[in-house]
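Right after this note come the structures.
Okay, so chain A shows up in both of these, paired with chain B first and chain C after.
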Partner chain A sequence: MATRKKSLLKVIILGDSSVGKTSLMNQYVNKRFSNQYKATIGADFCTKEVVVNDRVVTMQIWDTAGQERFQSLGVAFYRGADCCVLVYDVTAPNSFKNLDSWRDEFLIQASPRDPEHFPFVVLGNKVDLDNRQVSTRRAQQWCQSKNDIPYYETSAKEGINVEMAFQTIAKNALEQEAEAELINDFPDQLRLNSENNRPSNADNCQC
Partner chain B sequence: MSDVDEIKIDLPPLSFEKCPESDGERNKRIEIEKLIADNPDGSIPLKALQELALGNFGLVNDDLRRVLWPQLAGVDVTNLERVPTLDELQSHPEFHQVLLDVNRSLKRFPPGIPYEQRIALQDQLTVLILRVIKKYPNLRYYQGYHDVAVTFLLVAGEEVAFAIMEQLSTTHFSECMQETMEATQRRLMFIWPIVLFEQPELFHFLQRSSVGTLFALPWYLTWFGHSLNSYKAVVRLYDYFLASPMYTPIFVTAAILLHRANVILQEDCDMASVHCLLSKLPDDLPFEDILVNSSKLYDKYSLTVIEKKVEELIQNEKEQRKLEEERRIKYRRSVSSKSNYNVSKWFLSVLTPKSVMMTTAVSIVVGICAYYYKNQYLAAGIS
Partner chain C sequence: MSDDLPEEFDLIVIGTGFAESCIAAAASRIGKNVLHIDSNDYYGDVWSSFSLEAFNKLLEQPSSSVRNGTYTWHNATEEHGQEQGQEQETTSWTRESLLEKSRRFSLDLSPRVAYCAGSLVQLLIKSNICRYAEFRSLDHVCMLYSKELVSVPCSRSDVFNTKTLTMVEKRLLMKFLTACNDYGEDKCNEDSLAFRGGTFLEYLQAQRVTEKISNCVMQAIAMCDASTSFETGMERTQRFLGSLGRYGNTPFLFPMYGCGELPQCFCRLCAVYGGIYCLKRSVEDINWTESELLVSSAGKTLRAKHLVSAPSQLPATLATHFGDPEPRLSRGLFITSKPLGSEELNKGGGGVNFLRLLTTSGEREACLIQLSHYSGACPEGLYILHLTTPAVSSNPAGDLADFVAQLFDPNASEILYSAYFTIAAPAAESIANAATPIYCTAGPVYEQDYDAAIENARHIFSQLYENEEFLPRAPDPEEIVVDGEDPSALNEHSLPEDLRAQLQDLEQAAQQMDIAE
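This part shows the complex of A and B:
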């Protein structure tokens, strides 16, 4: 089991209501943006095949509800996450302030083995809008204070930096996986089999 | 934000899917119209009305629903409250969240609706929701509540919709509107005993996949309004739920799972695959059959029996989790005791400057002592 190679990376997107979690996921996976997304209730996911470090891996991206009262429902799919994406809206200071609690909540619920070094990526979304309220410096400072979390400013609408951000997400998720292998995780064969048997052509949001 | 008095509009009947009336629908419509005409005050005895709403085609169309939904929901339309303005409600702490969700509810409006009319209706929707949660401060807004409210707003207009939402929020949806979603989460588990009693194989498959109940959360919170593409199917289900006891959506959910058993059992047995399959409701679900089956299930299994089983399941789950945790810890321990890698890692970690200095210091002290005692001994031997 020590040399286990997992071909599936699980990524969780968290952040306040309406910061653009669903839009970012759809822009990345389907290269589409719509003004007509509805509020996410519960959770949906998309899958996308990516090449990282010459390896083809499937990213399973979980999109979640932003309202606080839904947070406690996430436990089931937070577990086994390889990377967590924290999103805020650069025009909504509160959504930036709440990054702290999203991060804490994730660490409590997902309980990763090494919380200090679990890979997060922060996205400041909606940079296409004029009424920006959170400065790049402020966001960068916060990220630095949290063990140097990589930070990207994105626009799901215009597709700015989305691809690059998700490349980093995939890379860091894969590294997290590699570390988990080294420490030798508890084998979970049933799961692995079903994951490895997945058809490998799927870039889609079935849900 | 405009004033409510300004945005008030005469609601033209909103049309979604203009499909021709089937024979069955026509007969049902004529039957209902006759019943309304026969009763001087235009109301139908409640028992008869409930049966109409439950049975095939429900209340058939929105013209009839507009008249009959208030009675079905048990609200008095002769005594409606004044509609406050949006300005009066803007200070409500949930105002922002409600606005965000209402702004993202475009898909719930008829395609092709004039822009001004849609904006006016969205303002009415915001007012409608805030009115309820302002009047009942113990009830908390949740994302999805707006999906319920918009359905009543579009069919019955803002005044009647408020009366209906008020009624439902203090009954059917009160559990969902608690401070946390804990009670709702537990309620959703009521699906499992029904599936277990009806199709054990399906139950065990779903448990093995560890899919949980998240897929059914939007169904339960919105009476399927959030998840179905067909407007006609949504209002049909609302007929059924309005005429049914609380928790009926649980039975409809179970009936859907049972109906789709064959497809589900062919899916890969992992959480993501099963969640994905279940969350997406097929457009061609035969809802009339599913509702008949749901009613049968409701009559067959008492809530007490289901609840008892749920408690058992929760207990089992807890024990299972504990066992797994113990196995995990044991496994990690056995791996680390065997692993040379870990021993060498331990050795390296022990080899810190501090430990090296300590060891050196202790060796020197021991050496001096040995030298001293040796001298003493030798001196004694000579003398």
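This part shows the complex of A and C:
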């Protein structure tokens, strides 16, 4: 098997509806926040180049496109994820409770090779709001109990901790590689729109 | 959990199979408010892929669309030891060890390959849905010659390097293919004029090719039988040739992780444009008035201007309007520890290979897709063999027996698991003649690519939304203007140099890709 290193990291964001998944992504990539809540329309995925340990990698962050709203995320969404970001809303205890099922769902659907050490990151979002209901301690305890998942409290609105959280996400996704896990399982897979898939010497039957 | 599902839609689509998903995406893309539901807890309906465990369960519970299902574990407990070579690690597979890796399997109900320049690839690129999909180029197109599986040379270098053909045969093949490639450019070409109205085989024989080349062309390139017309054979040959040299070494692609991924790509686009998704939601009844359809589902009445449904997901009260499901495809699925054919056909752990087969009498055909772990559809060291033939009976094993016998011994020790089932759907005429305002999709038919399925979706879409474009290009996320931003930022002239060049390239590419409509 070829052991070409990956330079593209696929990161998926999971969590209940309206915890701020799209806003976090927008804040991080576009440095923008919109107060208007739309159950995710037009949010697809964003790409951002990041430097981790002196290496430039492209991080592709995938939003749920609203398909989580009625628990209808298909298995295709989870394919090939290098890191999974679990988001809850610190003012909505239910969204915190559901982290368990989101984590389980991810492990079942993505079935990573080493589920024990798969990089997750947990974000408690909306810390700018006053009516906080989930304490930092409680969240940290949960993260510790799940093999020490890194935990950040963020505000997509104020841009608090967002940059730092995503740096960690990129770093942890890449660290997997150090453990020879990020080796490309499928070295020859094709994306249809990208030009570099074309063989340079058109060796075909246009005789 | 409270059900805050809205109740009014422009379009409700029932079933997340390939054609339904295309229609849902296309409607959502032009701004229609779409609800897409499926009674199953998975995407894809009869176009889906399953883990080994889920696949077995599916076969145990016959439905209107998947029936006559059986599966057998073969002597899967036999220990093989390490008698062949030291460095070669021989794993012995048992039923338990296969089930342990259940989720590493992606077993397709309706597998097929796509031509690199075929309708699926064109549609994916044109609509930009290709960003959600990944493919594997097929490693070999094969043919059966004197009971041997041989690779059909697909590129110029293949033709020259192949040991299958003699020097003379190589020249003949190149000459023949060149003639086919040029056919149609010179309408008055007398050489081919004489064969119009005849069969492709007659034309081929007149070119004085050897039997081997004739086999190669008929079986694999033109995919003909003795009665195929000259025009059809020519068209298919050109389709094969036109798909070469684009991606990889053969004219075919297979979706990574199986064909069940494809409907999900279309569904994602639908969702990105605001479509609402609800799996595990069945429909109890459908009624209608002059102006709208009323869908009773989970204690709610959902209203829509239009309704599209898969035949398999219609409520019983309505299914009768569309006729009884008839056997469409007879399917066989085998898990084996040894790929078919020589080492050469399976370099580096096994090829993703394609083979079209005819019965010994030449009357019926089947296709075989062999998947190795490179397809993402099975664990390393194992291979999936998918056999598909148009159903002639309700006995899929019987329909496929002739083909299986040509390919392998079903009792061989490397065959670990075998399954047979029938895919059924109402006849096309009874769907077309149903007197309801519901648009019913056609279900899978026997074809290599997705031409018929896409045409079915396109046709229904054009009936729903006359004069609207079917899946125009969806912009990349970078091109979407975030609210508050100056929309003129997307003006072509304000784009940086490299992006502008890219845009022009894309436009040019899009023009070249245009499908004649």
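Structural remarks
Criterion: the second predicted complex is superposed on the first by the 161 of 207 C-alpha atoms of A that agree within 3 Å, B and C clash if a C-alpha of one lies under 4 Å from a C-alpha of the other, contacts with A are read in each partner's own complex, and residues count from 1 in each chain.
One rule holds for everything that comes next: contacts are C-beta pairs under 8 Å (C-beta built on N, C-alpha and C of every residue); 3 or more make two chains touch, one makes a residue touch a chain.
Predicted, not measured: the structure shown is a model, and the values here were computed from it.
Chain A has more of its residues touched by C than by the other of chain B and chain C. Of the two partner chains placed around the shared chain by superposition, neither chain B nor chain C is touched by A:T58. By the touch criterion defined above, A:Q176 reaches neither chain B nor chain C. Once the two complexes are laid over each other on the shared chain, residue contacts for A:R32 go to chain C alone; chain B is not touched. In the superposition on chain A, A:S23 makes contact with neither chain B nor chain C. After overlaying the two complexes on the shared chain, residue contacts for A:S95 are found with neither chain B nor chain C. Contacts of A:A43 after superposition: both chain B and chain C are touched.
Applying the stated contact rule after C-alpha superposition, one finds that A:F77 touches each of chain B and chain C. Of the two partner chains placed around the shared chain by superposition, chain B and chain C are both touched by A:R69. Common to the chain B-facing and chain C-facing surfaces of chain A are residues 36, 41-45, 65-67, 69-70, 72, 76-77, 186, 190-191, 195, 197-198, 206-207.
Residues 97, 100-101, 104-108, 140, 142-144, 146, 179-182, 185, 208, 210, 212, 214-215, 217-218, 221-222, 226, 268-273, 275-277, 279-280, 327-328, 331-332, 335, 339 of chain B are the ones touching chain A in the complex.
Of all residues in chain A, those touching chain B in their complex are 17-18, 35-45, 60, 65-67, 69-70, 72-73, 76-77, 184, 186-187, 190-191, 194-195, 197-198, 206-207. Across the complex, chain C meets chain A through its residues 5, 42-43, 103-104, 121, 124-125, 128, 130-137, 154-157, 159, 174, 177-178, 181, 241, 244-248, 253, 256-257, 261, 264-265, 267-268, 271-274, 276-281, 348-349, 374, 376, 477-478, 480, 482-484, 505. Across the interface of their complex, chain C is touched by residues 1, 26, 30, 32, 34, 36, 41-47, 65-67, 69-72, 74-77, 79-80, 108, 111, 185-186, 188-193, 195, 197-199, 202-207 of chain A.
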